[in-house]
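You will see subunit A twice below: alongside subunit B first, and alongside subunit C after that.
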Partner chain A sequence: MSATTSPIRTSTHASVRSSAGARSRRGLLYLTLVLLLLAFLAPLVWALSGSFKPRGDIFAYPPKLLPDPFTLHNYRALIEDQPFAQWFVMSTVVAVVATVVSVFVCALAGYGFAKFRFAGKRLLFGVMFSSLSIPFAVILVPLFVILVKTGLGSPWFALIVPWVAPAFGIFMMQQYIVQSVPDSVLEAARIDGASEFGIFRRIVLPLLRPSLGALAVWTFLQSYNSFLWPLVLVSDSSQYTLPLGLQTLFVSEQRQYDLVMAGAVLAVLPAVALFVLLRKQLLEGLSTGAVKG
Partner chain B sequence: MTTAIAGPAGSTRERAHANRTAPRLKQSRAPYLFIAPFYVLYVLFMLVPVLVSLWLSLTEWVGLGTPHWVGLRNYRLLATDVSFHRALGNTGVFVMIAVFVVVPLALLIAQALNTRGLRVRDLWRTAYFVPIVVSPIIVALIFGLIFDRQFGLLNSVLRALFGTGGVDWLGDPDLAKVSIGLVMLWRWTGYLTVFFLAGLQAVPKELYEAAALDGAGRIRTFTTVTLPALKPVTAFVVVTSFIGAAQIFEEPYLLTGGGPAESTLSVTMFIYRAAFQRQQFGYAAAAAVVLFVLVFGLSQLFNRLFGIGRATS
Partner chain C sequence: MYTPPPLPRRTLLRGALGLGTATALAACGRDSTTARTSGDVDLALWTHDPGYEAFFRKGIPEADRLADFRYHLTVTRAGPADIVTKLLAQAVAGRGTPDMAGFEIGSFPRMLRGDISERLLHDFTPDIAAVPGLKNDLLPARTAPYSKDGRVYALDSDTPMVVYYYRDDLFTKYGLAKDTPTWEEFAELGARVHKDHNASLCVVSTNGSDTAQIVQSFQMLLYQRGGAFFDADQQLVLDSAEAEEVLGFLCKGLRSGFVIDISDYYGAAMQTALKQGRVIGLPMAIWYKSYGLVPNVPEQKGKWRVRAMPRFAEGGGTTAALGGTGFGVIKDKANTRAATDFLLNTWLTHEGQVRRFIETGYLPTRRSVFEDPQLRGLKDDFCGGQRLFGLYRDLLPDVPPQHTSPDQSILFDVLAGNLLRAYRGDVSPRQALRRTAEEFRDQAGR
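== the complex of A and B ==
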């Protein structure tokens, strides 16, 4: 799946077809890809550039790509006058806890489904898998009611809840384990008298490291970027998550576009950093399940 | 521990054999313990809420006091609620955009990225994927500014290129839908491309060689080799897009507030509005049940048609 493997490399045809026509076709291909790339990145570049502009310049016509004058005022205002740090801590802590719990739960269940045969497996797997098709909006109202009525509505708990048992993660783990954890190793460990959980912890988990990284990034992003659930759940502004906080800048009386842009940049940084660090695992981990179906 | 696996497990055949004889673990509690944490959480935070939703949908409740049983009244009201019909229709449009515009475009891009000898394939793949990393609310905020009628980037560009600007992207009922579609396109295309590209790279190259030997042209190769080989990926991508688009919320909520004249109101927004702005919890639950039946039913149907999601091992 790496960039070097080209499935349709047939040496004979490659040489036969490298004519002028093929070259111009290639030029067209690169041109299209570059244009698409610009379209994909333009909004983000625009926000980045806007975050360093004074408010009046954000909508200057024609739009300037480079901020001139260049100012850090938006960032300073965001951090000094708004509880940005608070929003950031809230979002990050919630997302980290959700990720740790979720990755562990998914690895356990993925392993259970990948390497054991047991009564009811088909049914249980089907039930798990079908929960992928339950829209969040369906549990939105009852989940809110249940958590609030049982006194578990504290954001520190309730914001984490929706992300701790994602069926997608289990499916991803199961597919990966089937492919990359050899039964022989497990059997050898059993013969040596290792406990089932010991095998999972000392043999399976380390083997899963690359895909655990992928799942971790995925879950982190799901929780960190979530909007609807915090919007419903959190009423106390001191417990706003980043998306909620940023929204208040946007819907306030004077739309604070300058702060929104700076906030968008700061909020996106951890997500992009995580993604860049673990992008290979993420991109490949995501598609393992889908390719095999 | 049992005879079947007593030998030195080494060759593939022996390993396969050991796997097949794993039922010795039938009596073991281990697999159940491994999957138990998931099912505990599943029951508490998924199954119970779905059942509560069903029950709430048969009541009238403002969020305080005791829900008042009204039978199927909420459903009868939904059947004649113009807003709900609009929400269903709009959501249908968004689903169509996702399945018939975003998915094919992702396939085209993946096909382009799969061209042999393409340089820095990883860079392209990564760059196209980035939008999905960005929180939907930030996407909506940025696009809100891009679509601005007077100052927005899009109108600036149009003015510079064609001398006409001032298009009311979010204020015209039809254009507002298009705008939301554009945001969906921007957010989802690169993400889906990753799946298609992985699928394309997993197609055995012998198949392409055989097609070339048979003298098949580009289009024939695509329809007879590529498409059939991509069936599982396509199925997965279509079902995921369908489920994703069917619950769209942030874009209409932040960009248009569901307007103008409810032309971008989605079902999820309808549910949110009923419950948390109008305190009609029972009514919201009924709308949620309708959404559940539609999404769950259709995706189970797709899954069955395409044969995805069966336990493998």
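== the complex of A and C ==
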């Protein structure tokens, strides 16, 4: 009797232990994730809270999470006393245009590298790929000089130029096209009489949607957060981008933390909106190649 | 893989035409460099501080009256280091440089590298010489940081003396003498205050992301003691007995609690320490009242006082200098003459320097202006109605010159790390300074 029940009992105990162990591991995992989430959210929450506090309360001790008194003065001062609206428009327009152009150019170039045979292709691709390892600071001055000497140094144009054909974007598109666009589909379209650009526009681009979303978010954030290039390029404060403009509130000895926090909260909105809009494509694009097909 | 057909000749020709047009456009649009001698002038000014912008804007009517120009001002604001980066990039591109720029003293040394200052900045020496008595009236201590080979490339905004700030109410409450003559006696007092009231009388910064701030704490006392970072020939003179004494003094103070380490002089950590009464005194430059105390602890208005720093028993002066911003004019531009006149007629006149102190809190750089009765009569509400100008005038002879080097940023990087090691007790002051000198010479190659 005992010989027959004992193993069953042991197995039940083991199962109970194993499920308890799994629960505690899961609990630990959730706890870790929650702690990480809090750690990542804390600066944002602090900025949001600080943006509604009077300047003297931002570093009050003991710290107060909820603003008391609650004030919109920082937002008002930022919008009324500083050219914040101009900085915001400049940043957003430049980032949107750069993103649209970059996504198109990268897709086109990536398509060329992935699906066409032409003289010097390997060399060109090698040069493009190796440029990934060059920090932007190295090409900053030469790029600026080239734009000025060719008469193309106007901020609206020049702010967009570095993001028009980023090597990372072209490489990403090339990889995605190699993996996801079959040659047979393209051949079939050519046999049906489609033009090369028509094939790109009607067949390749729709197939690239997930990776285009990921590239769009990446390009937008790169352009939107760019500091060094606008710093060198723009001298008219009204044409500053947000990172430049917000920094001017902080660089003097006065350190206007209240305005900076309100500005940071407003500045994050376009990026969040873009992420919400392209969330699905972004996740699909980022997971491409992560799962073996 | 698809092989495309070769490009048609017409397409190639169109491309070549486009390229040619772009090249032709490039030849257009260069700035004129014909010097303006009178009339309407739109000056472009770059600065990091809105206080300077306000000062210069208010100075336009006076400058219009004293010169043959009618001035208009376009101001661009950027970070102190960014102004130099931006200026150098624009100068290389040959377009977009301003007419005047404010160089924060920590960023100016980059302009001293090679012949940059000589090629880019207007030399004020002849202008100063042209005004009778001005050369002798200008404080050499404040032209030194912006000079090279005897030429003055920028005019300072301040004589940023270092003074001792203290909480008068708490000093009274804790029974602390307000006129302790030496740092050594003051340190003993500080150890007792720390033990009894958990308060400190001196501060060092340990802000890891801001090496200049870490260095400042040590720099103030080093220069007061008679030491220096560089001599007039830009040679490193840090590794000295004075430096070892000062660093040892700070390290000992940290152990006793006389000195407290704070991560940021201007931010949250200092504000908390001030509000909690953990810092009840500190040596700092005169501008710290406006940029450190008033914004951080406005509710402590009337409770603070200013006095001269205690002396070191072994020698040295009663003050040091910390900070400053030199305004320079870009040379060989159409507006170079106009900008020079503007600067001389706003920044350098007696009335301009008086107005500068009243509006910005920056001390005059001309010796004679320290005798101005209007300034001597001013009361400081934040400091309980103290008449501070008399103190500043008395300290004036002790303001030490501050010579810089193009490699100052290297020194600050290596010194900051070694100061922190010494503060923690990982190395002795002697070792910290020796290491700093070795690392600096190794990296700077001098």
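Basically, the second predicted complex is superposed on the first by the 256 of 293 C-alpha atoms of A that agree within 3 Å, B and C clash if a C-alpha of one lies under 4 Å from a C-alpha of the other, contacts with A are read in each partner's own complex, and residues count from 1 in each chain.
We adopt the following convention: contacts are C-beta pairs under 8 Å (C-beta built on N, C-alpha and C of every residue); 3 or more make two chains touch, one makes a residue touch a chain.
None of these values were measured; they are calculated from a predicted model.
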item	value
Simultaneous placement of subunit C and subunit B on subunit A, clash or fit	clash
Subunit B versus subunit C as contact partner of A:Q247, first or second or both or neither	both
Touched partner set for A:L44, first subunit B, second subunit C, both or neither	first
First, second, both or neither for A:K149, with subunit B first and subunit C second	second
Contact breadth on subunit A, by residue count: subunit C or subunit B	B
Which of subunit B and subunit C A:S237 touches, first, second, both or neither	second
Subunit B versus subunit C as contact partner of A:F125, first or second or both or neither	first
Which of subunit B and subunit C A:L140 touches, first, second, both or neither	both
Partner chain in contact with A:G56 - subunit B first, subunit C second, else both or neither	second
Touched partner set for A:A165, first subunit B, second subunit C, both or neither	first
Doubly contacted subunit A residues - partners subunit C and subunit B	58-59, 61, 115-118, 140-141, 144-145, 183, 190, 196, 231-232, 247, 257
Of all residues in subunit A, those that touch subunit B in their complex	1, 3, 5-10, 13-14, 26, 29, 32-33, 36-37, 39-44, 46-47, 50, 58-59, 61-63, 104-106, 108-109, 111-119, 121-122, 124-146, 161-162, 164-165, 170-171, 174-175, 178, 182-184, 187-188, 190-191, 196-197, 200, 221, 224-225, 227-228, 231-232, 242-243, 246-247, 250, 257, 260-261, 264, 267-268, 271-272, 275, 279-280, 283-284, 286-293
Of all residues in subunit C, those that touch subunit A in their complex	1-4, 22-23, 25-26, 28-29, 44, 46, 48-51, 74-80, 82, 85-86, 89-90, 92-96, 98, 266-268, 271-272, 275-276, 287, 290-292, 295-296, 298-299
Subunit C-facing residues of subunit A, complex	55-56, 58-61, 115-118, 140-141, 144-145, 148-153, 183, 186, 190, 196, 231-232, 235-237, 244, 247-248, 251-255, 257
For the subunit B and subunit A complex, residues of the former touching the latter	1, 5, 9-10, 14-15, 18-19, 22-23, 25-26, 28, 30-35, 37-39, 41-42, 45-46, 48-50, 52-53, 56, 63, 109, 112-118, 120-122, 124-131, 133-139, 141-146, 148, 150-153, 156, 159-160, 186, 189-190, 194-195, 197-205, 208-209, 212, 231-233, 235-237, 239, 243, 246-247, 249-250, 254, 267-268, 271-272, 275-276, 281, 284-285, 288-289, 291-292, 295-296, 299-300, 303, 306-313
